[in-house]
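One chain, chain A, appears in both complexes that follow, with chain B as partner in the first and chain C in the second.
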Partner chain A sequence: MILFRTLLLLATVSAFFTANAQSKYYTRDGRVSFFSSTPMEDIEALSNDASSVFDIKTGKVEFGVPMKSFTFEKALMQEHFNEDYVESDKFPKAKFKGIFEFEGDFDPAKAGEYKVIAKGKFTLHGITQEITEKGTFTVSDEGNLFAVCVFHVKPADYDIEIPSTVRDKIAKTVEVTIKMNYKPLKR
Partner chain B sequence: MKFALSAFLFFFTLAVFAQDEDDDLLSLIDEEEETVNFTAASFKTNRIVNSHSLENTANGVLDFKISHRFGFVNTGLYEMFGLDNAQVRIGLDYGVNDHIQIGIGRSGFQKMYDGYLKAKLLRQSTGARNMPVTLTYLGAASFNSLRENIIAPDLEGFELYHRISYVHQFIVGRKFNDRLTLQLMPTLLHRNLTAAPEFENTVFAVGSGGRFKVTKRIAVTGEYYYVLPDQINTDLYTNSAAIGVDIETGGHVFQLHVTNSTAMFENGFITQTVGNPFDGDLHFGFNISRVFTIKKPKEFTEDDW
Partner chain C sequence: MKKALQIIGILLVIAVPAGIFGAYALWNKEHRDVASEKVAFEMTADELLNEFEKDEEAANEKYIDKAVLITGEYLETENDYGAVTLILKGAACSMADSTEISLEAGQQVTVKGRVTSYDDLFGDIRLDDCTIPNKNK
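For the complex of A and B:
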């Protein structure tokens, strides 16, 4: 009898676990790129090393990107970015923790484009700010999930100092594009 | 009852566990391997003052350098404290990849052409591979293009190879923290022609150098070379020393300094420095570095998104 009960319990537990796990999606090679445009200079950088986990059931989402994974077109910009602006040794990652709020119903089984609002805490350079940004969620015919979000980041909001000599070359608001190709998280 | 209690406990534990999980979603996938974290920006540029630093020009980047040494400041007002005279070296440095840098230069001093190859043998790193120092090899050659009757007016049998000198140098250094980087440079030089037969063709010297960052964009630098005894004409030549300030502004690095050396290539400043700093034989000088990206990183050429 005890054995039976234990088995039942285990079965329930594993069923619970499986249900829980299947609602989660992840990526380890999401792309984060940013673009700063001024009449003086355009600056572009990208990383393919963003990782993210998204839980369909709760809408909770998290992503992180190592600052040193950003590649710039010009090596000197990359050095300045890491050394002078975001101080990558002190603050190695930028993170977002929040929720995706879908406008209308979201059905991961139905192909199509869904509008989404990302709400939550964005941490950069050791400073956390509440943000609300728009994005889209695409379910492909094959059932793959693909999320695109654009964050508008003001360096000043994150205590990133820009010296007067280059103030005209760095945009007041930097457009950060986040692209995530989610896969089901299996365990 | 017992069952109900144990079931309750089990689900409770599970619920707590699940709760934790939801609060830290990223921890679910964080079993990734540790990566090698290479130390970057040990120096602001590939030179300290005269000497090479352990830093390379970045992969695919061309660094155009203009270096000036004004005359000795103790020449007084008549020479405007040295400003009336200047030695110039114009050079190009190029980062072939993450390990190798090559360069060429032309100096007014002895109308010298120089070329070098600099290769990183070890890179300071933390993470998956822990390497406490960076080790770089520098191999350089220089060609003196002065007229023969100026180089060796009394020498019979002057050959083309007499114009050439070689340098082999190891640079071993460490970025101790954000501010401080120090390096040592054991150096072997070979001159095919010396000023007189009693002096050595092959000369050993040891250099040391470093930088201290004062602010994010300003650093103090210094270097000193000690030539081992009984090799060069010490009545005429002395050890090379320099102190300077690096100022970084966007795409430029300005290096302002004071040095007793006139030449800006190894064989010149290590074995042919005439200035006695204690007599005020000091040059005010500057290096200006401007970088151009020749080869874009592959992330910008092969876009698959």
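For the complex of A and C:
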């Protein structure tokens, strides 16, 4: 009986872990770009260093990007971004923690495009805000899982102060595009 | 009065181009070239990770944006959107260019790069602008 129980326990535990391992996806090269457009100037920045873990079963997703990994066309812009706006020495990462809610069923084994809503807490510059944004999941014929989300960030919502001298050059709302190629998490 | 104006005129002739030149130089300031920088720290990936795990804030202050030379066990390479990331035990290194690097899992590798953050999702250190110095070859 004890042996049976032990076996049952082992079976349950291993089933739990296998299920977990299979339902989790990750990326370490997520691409994040943002774009600020005003009549005075267009500013673009890019990072390829976003990390994310997404659990298909529960919809739970976590995401983080190092602020110091954003590159700008001009070194000076990059310096201002880090030192004056996002204060990346004090707040090295932007993070998102929440869920992906699919409109309808999501089947990672079936190629196609799926609409998704990302809901959760977004932290930037040490300030956390609740956000709800639309995104798309694409399952390719090869079974790759691509997620794309475009959302809008108002620097003012995150206590990012733009000095009056450059106010005309930086948009009130910055468009952020996140692209992730999720892979099954082996570990 | 005339003399004063002359002096102001001469000063303007000097100051305005100097100002424009200065502003232009600042505007076109070069990006950092981590590969050619002298490193601030030289250590194993484990040692660096330990410092972040012990006290993230203190380690942020000490290491973030600094050029470092770290040595660790190579695990795998990731390649998305043309960005190559070397995954070491304890560190994820985004390479400065997308040249393929042939390494074998388990081998020790030394990478030069700039520390960008502690990645709490994967429990390792994130580095950017990474290159592999010649001494590996």
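Here, the second predicted complex is superposed on the first by the 178 of 187 C-alpha atoms of A that agree within 3 Å, B and C clash if a C-alpha of one lies under 4 Å from a C-alpha of the other, contacts with A are read in each partner's own complex, and residues count from 1 in each chain.
By definition in this document, contacts are C-beta pairs under 8 Å (C-beta built on N, C-alpha and C of every residue); 3 or more make two chains touch, one makes a residue touch a chain.
Note that the structure is predicted; figures quoted are calculated from it, not measured.
Student: Judging by the criteria at the top, classify the pair chain B and chain C on chain A as clash or fit.
Tutor: By the criteria stated at the top, chain C and chain B clash after superposition.
Student: Between chain B (first) and chain C (second), which, if any, makes contact with A:Val53: first, second, both or neither?
Tutor: In the superposition, A:Val53 contacts both chain B and chain C.
Student: Taking the superposition as given, does A:Ser164 touch the first partner, chain B, the second, chain C, both, or neither?
Tutor: neither
Student: Tell me which of chain B and chain C touches more residues of chain A.
Tutor: The partner with more contacted residues on chain A is B.
Student: Quick check on the superposed pair: does A:Lys68 touch chain B, chain C, both, or neither? Answer first, second, both or neither.
Tutor: After superposition on chain A, A:Lys68 lies in contact with both partners, chain B and chain C.
Student: Please work out whether A:Lys179 is in contact with chain B alone, chain C alone, both, or neither, and reply first, second, both or neither.
Tutor: A:Lys179 sits against chain B and chain C alike.
Student: With the two structures laid over each other on chain A, which partner does A:Asp89 touch: chain B (first), chain C (second), both, or neither?
Tutor: Touch status of A:Asp89: both partners.
Student: Once the shared chain is lined up, is A:Asp29 touching chain B (first), chain C (second), both, or neither of them?
Tutor: The answer is second: A:Asp29 touches chain C but not chain B.
Student: With chain C in view, single out which of the stretches 62-70, 206-214 or 242-250 of chain B clashes with it after superposition.
Tutor: 62-70
Student: Once the two structures are superposed, pull the chain A residues common to the chain B and chain C interfaces.
Tutor: In chain A, positions 26, 28, 31, 48, 51-53, 62, 64, 68, 71, 74-76, 78-79, 89, 179 sit in both the chain B and chain C interfaces.
Student: Report the residues of chain B in contact with chain A in the complex, numbered from low to high.
Tutor: 3, 6-7, 10, 14, 18, 22, 24-26, 28-30, 32, 37, 40-41, 58-61, 95, 178, 216-217, 248-251, 291, 293, 296-297, 299-300, 305
Student: In their complex, what parts of chain A are in touch with chain B?
Tutor: 5, 9, 13, 16, 20, 24, 26, 28, 31, 44, 46, 48, 51-55, 58, 60-64, 68, 71-76, 78-80, 82-84, 89, 95, 163, 165-166, 169, 179, 185
Student: Over in the complex, which chain C residues touch chain A? Could you list them?
Tutor: Counting only chain C, the residues touching chain A are 26-32, 60-61, 64-65, 78-83, 85, 87, 92, 94, 114, 116-122, 126, 128.
Student: What does chain A use to touch chain C in their complex?
Tutor: Contacts found on chain A: 26-31, 48-49, 51-53, 62, 64, 66-69, 71, 74-76, 78-79, 88-89, 92-93, 179, 181.
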